[in-house]
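What follows is one structure encoded as structure tokens, with my remarks underneath.
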Amino acid sequence: MKHLSLLKFMVIGALSCGIISCQQKKPGTVTEEGFPREKTLYLAGFQWGDPNTFNPLSDWPAFPVGGKYNLMYEPLVVFNSITGKIEGLLADSPERTDSTISVKMNPMARWSDGKPLTSADVKFTFEIGKRFKGAPTAYVWDFISDITVDTVVDSSASGEMKLEKIVFFINKKERNNPLVVMDILQNIRIVPRHSIEALLAEAGGELAELQKLKFDKDPVVSGPYNLLRYSNEKIVLKRRDDYWGCMALYNNRLPQPVYIIHPIYKSNDHFSIALQQGNLDISATFIPRIWLKAKEGVATWYKKEPFFIPATIPMLQINTTRYPLSDRNVRRAMAYAINYKDIRELAVSGYSPPILSGLILPFGVEADYCNAEDIQKYGVSYDPEKARAIMKEAGYTSVFDADGKLNHVKNAKGEKVPTMSVKSPAGWSDWESMVQIAVKGMRAAGIDVREGFVDASLYWSCMPVGDFDLLMQKPVPEVTPSKPWSRFDAVMSSRNWKPEGEKMNENQGRYNNPSSKDYNPEVDNLLKRIPTLTDNEEKIKAYRQLNIIFMQDMPALPLAYLPEQFYEFSTRNWINFPTEENSYAPPQCLCYGAGTKALWEIKSVAAE
Amino acid sequence: MPIFEVDNLHLHYLTRFGAKIPAVAGVTFSMEKGEVLGIAGESGCGKSTLVNGCMGLFIPPLWPTSGNVRVDGESIMGRSPKDVRKNILGRKVAMIPQGAFNSLNPTRKIKDQAADMIVSHESNVDKKALYERLRQRFDLIGMETEKVLGAYPIQLTAGTRQRCVIGISTLLDPKMVIADEPTSALDVTTQKAVIRMIFDLLDKQIFSTMIFITHELPLLRHVANRIAVMYAGEFVELGTTDQVIFDPRHPYTKALMGAMLSAEPGQRQRKPVAIEGAPPNLAYPISGCRFAERCPQVRPECRVNKQEIRIVADRQVRCDYAE
Amino acid sequence: MKLLLNLLKTPMFVIGTTIFFGTVLVALFAPMMYHVDIIARVGMPYMPPGKEHLLGTNHLGVDMMSLLIKGLGSSLYVGFLAGMIATVTGTLLGIYGGFKGGWQDDFITLITNLFLVIPTFVVLILISSSLKEGRSLALIAGIIGATAWTWSARAVRAQSASIKSRDHIALARVNGEGTLKIVVKQILPYLFSYVFMVFIMQTASGILSEACISMIGLGPYDTVSLGTILNEAMRNEALGDGAWWAFIPPMILITIIVFALNFINTSMEGVFNPRLRK
Amino acid sequence: MPSETTIFSAKNLTCVFGHGKKSTKAIDDLTFSIADQEIVSLVGGSGCGKSVLAKIMLNLIKPTSGEFLYKGKPIIDQRFHWREVQPVFQDPFSCFNFFFTIRDQLKASFGIMKTKPSKKEMEERVDQALLAVNIVPSEIQGKYAFELSGGQMQRMLLARIFILRPAVLIADEPTSMVDACVRASILDYLMKLKKELSMTIVFITHDIGLAYYVSDRIFIMHRGKIVEQGTPDDVALKPKNEHTMKLLDDIPDIHKNWISR
């Protein structure tokens, strides 16, 4: 009978829970076929779906080709979020003038087939974007107008050396934004001209044809690892023992892991379990209550709160074109109604320091621009009474049921105000909890908002067209030299303002409609001006101004500070990961940005 | 040596409130190999209780009070129901029940239910050999083997079903068979077929000794060598078939015979005589004769004196005044 | 009456009903004795059971005891409602088909069989996932009931068809009783114990179904059920963090309720089913 | 010819169950008549159609084709018909509902009467009927069907007939579920009914011996047809049809040889 099968289901469920919890207690190393555990590093959290292509010129290549991974293809420079400095890689650190940014190529850089990596490859990589609108580098030409190559002579102690100097001209006519050009230098990974040009010719000069190639058979790369094999379960990289950087950057030392394996997991808790079991060495996913996992050898940057270095701001983006969210008072009331302390302590496991109002992080490189006085004066904090007062003052009446639950809200005309909902991807547990707490607070303050957890695919498709009331979002998560300007730009820029239904890549809340009577041109002026400023005082002034506008208008509701990426490691098989005390590299996964250098420093437990 | 002996058997039911209700009292008989004993009586006289006692199968609330049952000289009393089911039932004593429908599982094929019978008693049976054995037996007892073995009970007629039950319960060649009203739910034609089958099994020596229980005395006339008449838990008369049918001595046996009908010349004028009243309630102690309340020849002493078995005209009778 | 007495003498029935009504009483009266608040945060996430919070807190620092009391109520409510819907629908269709016979019966049997072969749990998932917003407890119960009526219909149909052949139905007809009166007086009393058993089983399976769809995140919004508690615990790594109090108690509660209902059902089967009664 | 004194008359009566290939003729082209105050036995093995015929007589089944008249008229008002024709069934346990007391169910039979007697009269008539079948009313007071013995239950069905006093009794195997002593008493009561109420009785049985005792006429049925009919002495002692002979042969009589071993 039916009830019996359901009973079985329950029993099986209970048993499997028990089995999982038993497994977690069992220490030990699991060796995969042919990959000695002491020479293999397992890292995960970047590839979620099946790997399709490793073509560096395609739109969404798989790990470690897309994104800011430096294992196979490398950028000119990398940004160290700990020091705030730009560090050299294929080139040395950039020099900036009013109209140009220039770098000198590292003469020792080589491709895996032994050919030198030169300015010709760099120019080729960038200029593909000029030739083809569909190329990943196409966007850079909004920001740079030209690339030239000079030869300079470097006279250091070891003697004279001819170096190539690449000069990027800032596109003054278009965007005039040196900050983004700086970002571009570390965002664009250089591809081998000699091999790709040949392939492009074979493809009849069509980029679309070239993009169909998978580049998964011994591709020509410059990085320390190359693709060995891949499946729907994992991607395996093997160390290149002839990597040019070993000699040029690391005193003739090899990276420690011979293999890097990225297993593909489907759900957040799998990462946590794998880390605790020692089947995974590094993860970039949210793991709640990491201190409870310390006994299983799982740790992160800090040993105590906030555990991670805050770098990004998850927030509720508000569709300011929809009533009643178009009312600034409602937005401000919402901001007052959210219990930020609960979010910090409950939703994100205390990984966030106490949040201050505004869009500027009060830490690290951004701390200079954050002004306590302004925040005191214009900022918001958790104050439900104030929230209620604002609503009342703005003419809204909240109607509560007998049991104290909010029923609906009426406006000054006595009309029922529509119920708003918060779109957030279902299953992202930290975000879900943040939304739950925010909604709870807003409802208690008499604002009619509900949770609306949706499938992730629906979430992504609703975001650019503005199909939401409120949307859980984390704009520009990467740590780049352009912060916090890029964050303001992402939330407030009306440069490409379009009505709801059409795509916008930034300001999806449609704040500050240029054609409305309330348009504040100052916002766009400031956003345009800040990147060109070189004087620090000027910059501080401009940022303060922008942040005050944000705090007054509240086009979005920042909820917490979270790291650029979650960075958790297990010390069961590898040790000497970068931490607060041992900060030789930033808290980034060992494939990412400036974090890659830790590959040379970690040590295998078995080898010790 | 008798193959089956029942020695002064008393059985009782224990109610939830702790009261003992005697259901069978002082039953004694023994059977030689090849004998068929008929037991006759109305419903509620303790026939079915006696059957359970004869198999040594005591499932609460039924309990043995005293006495003994021996098969082939070996006592089968005082065993657990599990032990009885495994070692006695089917091998030493087999039972043919009344309703074939209740004793067959409607959801399983005949052959599987027959196989269960063997598997539950024997260990390490080869499956192929087992079905071959079944086939041989069903051929032997004259069934349409292939059709019957592969069928579900519902696909068979009532008569075939009952014959299957008989076939299955005698699979293990039991020493004794107890047939508890095997034909009373059947019409006359089917009844005859079933009886014919039982005779066939006797002739083929699949079993040789049988207790046959029914309330139809005319049937016993054709089936049994000896007949015991049971009333209110006691045997009131036990003698050869001819003695009991044609020359009954106990008033109750006489009354039973008087209630019989038959389509014979002259019988139409002889109206059957009903026995008025109902058997006594055994929950209350009875001092005198148990039949006294309904006896046409009752005397005042009958209500006081307990009747004991005595020999009258070469048969046992439990009446002080029978002649 | 006699049946009821017999039931009360069956230890299994007594144990089952005691446990079950115990849970119902807790769901009904505990909120009066215990301050149930499933909104307010009262402590840190996953605080272990202690003096202040008898069963600790969940990942949002909400008192687990409150959640359990509220969740128990919701789960029982969904179970009852789903059981009611499934039983009433199934019984009406089953009696109609079984008693009426003919093409109406064939049609109902066809529909029932059709529904029986459809994997109901999949349907359940599909329906509840297509309802993006506003899944209330009653709606969930409705969905469960709508997919579960088939086997009550089938069971009741078989029963009423077999009762139909009993002679007292014929006697009632020659006594001049109409169809409705026959159904009410001659059939329903026979079915009552059976329908009641079906109802109990449907309630148990309703509670389980709710727990199952809540476990996979398709449970009711805006409220707490035992299933959603389990789901939240699972999603928020209660298992990995050793917060057993976040998932063991709701699991035990579900198991207890379902076992109690199964106990009741099995004991009733023993008393009501004449063949087993022998 | 059907007349007022003809109770039932059937002409080319046929009753078919099922449809298409699965159809079976339960009653096959029967023509017969039953006179007033006659006791007619329908005798046959299981599946011969005797119970179907009984149900047609009771108007519980409609014949597929042919003519079936009660007292010369087709059955139109079924309530009227049930006031006149009443049954006694084979299995007394299935004749009573377990959920109401026996007495209540006996009283329910007043429902078919044209004018319901007063409550007091009802009780009195039930008591009388019970006494007529030799049962002390107090004995069954407040009792349910499962608390009585088979014999008592069968007598309850007869008591019901004493209450209703119909013109015709359809007795469908009334003795097949009771043992020999009770059988005799049931037959006694049937005779008593016949005598007291001048009833017409259709007696259905598989036991030709029983039919021999009670009937004025015997119909031997086989596969929906009447294969032989006549007085008991003719049919039972001088059978002409093979089916009759077989039925006679199947009865284990005391005196004749039944099965040879």
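Every chain is named by a letter (A, B, C and D) in the order it is written, and numbering of its residues begins at 1.
Following the convention adopted for this analysis, a residue touches a chain if its C-beta (ideal position, glycine included) is under 8 Å from a C-beta of that chain, and two chains touch if they have at least 3 such contacts.
The structure presented is a predicted model; accordingly, all values stated were derived computationally and were not measured.
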item	value
Result of counting contacting C-beta pairs for C-D and A-C, higher pair	A-C
Chain nearest the global centroid, as defined over all protein CA atoms shown	C
Between subunit A and subunit B, centroid-to-centroid distance (C-alpha), Å	89
Subunit C and subunit D: spacing of chain centres that average the CA atoms, whole Å	48
In the complex, subunit C residues that touch subunit A	39, 41, 44-46, 59-61, 132-133, 148, 151, 201, 204-205, 208-209, 211-212, 215, 217, 221-222, 234-237, 239-242, 247, 251, 254-255, 258, 262
Residue ranges of subunit C touching subunit D (in the complex, touch as defined)	2, 166-168, 170-177, 185-186, 189-190
Partner subunit C, residues of subunit A touching it in the complex	1-3, 6-7, 9-10, 13-14, 17, 20-21, 24, 269, 272-273, 276, 287-289, 292-293, 339, 342, 345-347, 349, 421, 426-427, 429, 432-433, 436-437, 440, 444, 450-452, 454
Sites on subunit D touched by subunit C in the complex	55, 58, 60, 79, 82, 86-87, 89-91, 94-100, 105, 108-109, 111-112, 144, 160
Partner subunit B, residues of subunit D touching it in the complex	45-46, 134, 149-152, 178-185, 187-188, 206-210, 212-213, 232-233, 236-237, 246-256, 258-259, 261
